[in-house]
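I've put the structures underneath this note.
Look for subunit A in each of the two complexes below; its partner is subunit B in the first and subunit C in the second.
== the complex of A and B ==
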């Protein structure tokens, strides 16, 4: 196997194994726009690639050439596609291919094509590939715990190949490392709803609510657990309204007098769903109100909107719209 | 005549004494922190009405010290508290949160967090966020303290420089662009669309060359690849179509092989209802949008193409409210725009949980005034379009749904329909047209002036072009989406861009900053869309 970093010393035109191939120059037309002043090794590699691509030559040397081109431009999806055709034609050792992809992915972690190729590969390798795929994504996460492609890949692996056993623990660890990592929270939601080893959202709800609330109380300004908490009641408003832990956490944060933006927002949503607030809520919100604008007969939801408009000026228009569109029977 | 004054850090008038005291303590601060203590400045709002907005938006955490500060901090005499200023006619809203040092005189090492008491270890997210905030606030402070002439300069759109940067890219790109060799139609679109937004056009020779080049990228079996000889790809197809529409000549529009395009799109359709980017390529919401947008624009959108797409995109809406690339992935600005726009184009927006989507999207605008792509991630100029544009689409949808009718928190009331009413005999491809005919009654739901502030002060590069955020380099992609986001913001109050222009209050900086309006479903300049629609509806 040749090197995969695209930096062979000898130009292709001087390599004996390529002597019989006539390179195909790019047909940009006479007056191309956005013309790239290609590096010489790039231009040459592409000229030879075009030759084998047009000839549909699915050989070992073609495979090696695609490695070189990928090293120069990992975004060339045509080359990746052709590489897959060649791998199949050669019945190549896919474990070796995986090692190759490992190396390329570490160099270019934010590239669609690499991850798509990985997925294709893992599918061919089957369920026994699951462990290595999960390990690999963990490695990427140590560098960038929010890499979007990597998370999508990890989810695909779990769904297609399995390996759910430690997933909830892994999410736990990531959240402990960085409680603001929204990707980890998203993954947690994915696990509790999709894992065949857990009971599903309904069964997990109680413990997850406690988990979210704990995170909220530690950092009330952290949006992730608030949205996660909301998500736990998705499609089940009745449960949301009957579970008094949710308004309770809002109250606690409001009482602290600090970082209460999401608490207010949650309270507003609860009220819109039909939540009947205690007097304590009314008192607290009143305390936050600018006395100029409140009147004794404003309902709580309107007061909440008013406070939000003041403390969250960036979203003043949104809160004003929420106020205008309050349901008629709201408290 | 009394002027209105705002004290721009957010201290109550009575605390002026304390500010003076704080100033005298400035010298006791560690050297590298002293720049954070700024002179109180009093701004006359009457002569600077648009500046009022900028100042009001200055992040409330202005005096917040970086939380990983070590060293002894002495705040004797200064108490941290939250306060709001109200002045008779000028109001600054904002919270000032500042912790006083727990110890008084002995020097000690504190990790000082404004968000919680005492010592706290910051996470990577927090550290990165504070880093960005520092750079952004530095720019805003510099702006706030600048004399009026400098201010005008900073907030102006540097059109000539942008045109020069953009046109140069059309003619020549250096070797570092090797990695964009499979994205050349994108480069065409980013540049040509940006030029059109600035109200300019490319010269006819260049235009012919673009048309000819894209023709070289067109595959004989339909669709466009990233360059001559490359496989057709949905993203580059979308970019090529939009470029040709933006050029707008008969020659440009007729160069698209519609028949073959339809066949290509059909080939890309997956059994799930979604689309894959290229033969054997990845399936995601982006692919769905690019396919549907191109089909709609070319008047070839039909029931076969849209079958089950709505279900796929609907399944990509997450518990957070935004839309992900694939079912289960994280809610993301780019995919949210793609998903929402696609749903509108196929007239199935009612499959989305709209209140949830709106709530998620508006919370993506942060203290830096720009938008982030995902919860707890960093601001980026390009999301001005992806997120800002999504919110603008919703604005129009809400208007179409019946003038801000009431929505119950999580469920739309039954009378609410987010779908576009087509005229009798109307085709699916007409939805895009019908959408723009709805007058936007609903006011913008995000802070449009704040967004313009971020774009002009933090993203705009003096040498031409736009960037992600301070510290990053300019590029054509960001130039395109920053300008697109700027246009969306400027026109956000405009009921009908066909018949009226934005008021000067809606445009940050001089009125000459005004860009061309876009069609927010396709992101092409509105006039160009109209022309293309006329051309393609003849088929």
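== the complex of A and C ==
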């Protein structure tokens, strides 16, 4: 490739024949929707990228060009691929690369390629990269605490590189910030079951049940802690039935008369497992039923299904099915 | 009562194909082949696939093919990836043009991406995600080459991504998410492995995605989005629990997300439309048996007559 061809690959602003011209930035006003020059920049950058990609030029200027293209369209995975090849060929400083990716990821947190690139980098940098990766995901969570890619990345970091020490506390903080953050609840479960520093699910069950119950009482219409609570007893029905706290929290929510949908469905599950309800439960549920549909023969579980069918009409078919499939000895 | 503006959506999709320089096209550049699959399948569901020049479409798809490895890229000149290889195969099967493929080569590309633990990487760079398990399994099934992978291990990996709520995440321990659930359930359905699924438990999780506005969300405490009309609903249909949601309310939600003047469907009412949501909205309506639409296979995400052609011809 002659030097002339080499010049042709450079962006306009770097061509010698343009050196004496100072480009005038286009003024599209303070917030243009799609600046017209964006499309021209994009097309030009892609044309040049294609040139270096096809020539397999793994040079510094190629690296810089990939930065430009990424800035215009971070979803282009081929550019990221090529960037990795160039980084390897140049034996580039990967700490600098991480700083670059930090900046890009902040601008485009929902982009798959960036997270994958981060993972590639972290693998190369090794276990000492764990802290920075965890710090970085925390930063993204301040903008979008439910970002799926970020959670996936954080889980990968913990499993591959470690850094579990503060994870449970971090989940606590996130849940305190937003008790409706299902991702944080999922992470909490991930920590108590997978962290090498904690005792495992059985050992942590008691404290976790208290934690979930507190969250439920604060916002009984929150799906997450109810599911979390169920998860704590998974595969251990005996334990579930012998723990008073669970029916107790259902009762408290039912008594409040508001936001009791999940309390009812939990009560239903308990009854199906063999729970023997007190009269107090029967009275409260009776108070919620439409007096036409109940009779003294109706068991509590059936009444619960009836109420749910009425107050959760979107899922009426589901509750009707639950009623039809109640175990024979249910209360 | 709203109705489906089928003609307007056809016009919208055809116009997107022609518009190659606007903002939407530029940022979709790297996944143009996904966009083509969404657009073309929507046209077929609306009985309008013949509005497109088949030869032109097939020839463009083949320009995305990498002769050296057997994979397809997202656009001409883009690197191969499982996501785009599936879309390519789906487009070709829509046109009944699988014969242009070197099936052996493409299958080898796909099967070569399976890892020791049964998972699949998206491409040579190794990212693992249950989305890729679905892409591989769906693709190989269409090509009748499932024997090239270790199906048992593939299934075991997917099952390892099952969570306590009955749902599935991207990797083991990953939060249950409707999109990932569709991928896992679809893959399990195609491999005849649905016995690993607790259908009642998952069915409940899925039907709890229906929000008061009738739309479906993808995870607890998130907003409804038209694309979940596909991912949640197809999963419910596969596990035979679709009657657990309020179908008419969902239909209303999807119809309200249409741009009734310019065509196309958006993620939620009054937002900007795009091809992605147009496809998932129309496909969702097809699953809900909305009149005038071809029926859709919930696992292969293709019209039923196309899937029948794959499996019942000759």
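The definition used in the following text is that the second predicted complex is superposed on the first by the 294 of 331 C-alpha atoms of A that agree within 3 Å, B and C clash if a C-alpha of one lies under 4 Å from a C-alpha of the other, contacts with A are read in each partner's own complex, and residues count from 1 in each chain.
Convention: a residue touches a chain if its C-beta (ideal position, glycine included) is under 8 Å from a C-beta of that chain, and two chains touch if they have at least 3 such contacts.
Given the structure is predicted, the values throughout are model-derived calculations rather than measurements.
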{"item": "Superposition on subunit A - do subunit B and subunit C clash or fit", "value": "clash"}
{"item": "Which superposed partner A:76 touches (first subunit B, second subunit C, both, neither)", "value": "both"}
{"item": "Partner chain(s) touched by A:259 [first = subunit B, second = subunit C, both, neither]", "value": "first"}
{"item": "Contacts of A:282 with subunit B and subunit C, given as first, second, both or neither", "value": "neither"}
{"item": "Subunit B or subunit C, by number of subunit A residues touched", "value": "B"}
{"item": "First, second, both or neither for A:231, with subunit B first and subunit C second", "value": "both"}
{"item": "First, second, both or neither for A:327, with subunit B first and subunit C second", "value": "first"}
{"item": "Touching partner for A:152 - first (subunit B), second (subunit C), both, neither", "value": "both"}
{"item": "Partner chain in contact with A:138 - subunit B first, subunit C second, else both or neither", "value": "neither"}
{"item": "Contacts of A:311 with subunit B and subunit C, given as first, second, both or neither", "value": "first"}
{"item": "Subunit B/subunit C common contact set on subunit A", "value": "34, 38-39, 42, 46, 50, 53-54, 73, 75-78, 81, 84, 112, 116, 119-120, 146, 148, 151-152, 155-156, 159, 180-183, 186, 189-190, 194, 222-224, 227, 230-231, 234, 313-318, 321"}
{"item": "Contact footprint of subunit A on subunit B as seen in their complex", "value": "56-57, 82, 84, 86, 93-95, 97, 115-116, 123-126, 169-175, 177-184, 187-188, 191, 206, 209-210, 212-213, 215-216, 225-231, 233, 277-282, 318-321, 325-326, 328-332, 358-360, 362-363, 365-367, 369, 374-377, 404-411, 442-447, 450"}
{"item": "Touch list for subunit C against partner subunit A, complex", "value": "21-23, 26-27, 29-31, 73-74, 77-79, 81, 123, 125, 127, 163-165, 169-171, 173-177, 203-204, 207-208, 210, 212, 214, 219-222, 243-246, 249"}
{"item": "Subunit C-touching residues of subunit A, taken from the complex the two chains share", "value": "34, 38-39, 42-43, 46, 50, 53-54, 73, 75-78, 81, 84, 112, 116, 119-120, 146, 148, 151-152, 155-156, 159, 180-183, 186-187, 189-190, 193-194, 222-224, 227, 230-231, 234, 313-318, 321"}
{"item": "Residues of subunit A touching subunit B in the complex", "value": "26-39, 42, 46, 50, 53-54, 72-78, 81, 84, 112, 115-116, 119-120, 145-146, 148, 151-152, 155-156, 159, 177-183, 186, 189-190, 194, 219, 221-224, 227-228, 230-232, 234, 237, 257-259, 265, 269-270, 272-273, 290, 292, 310-311, 313-318, 320-321, 324-328"}
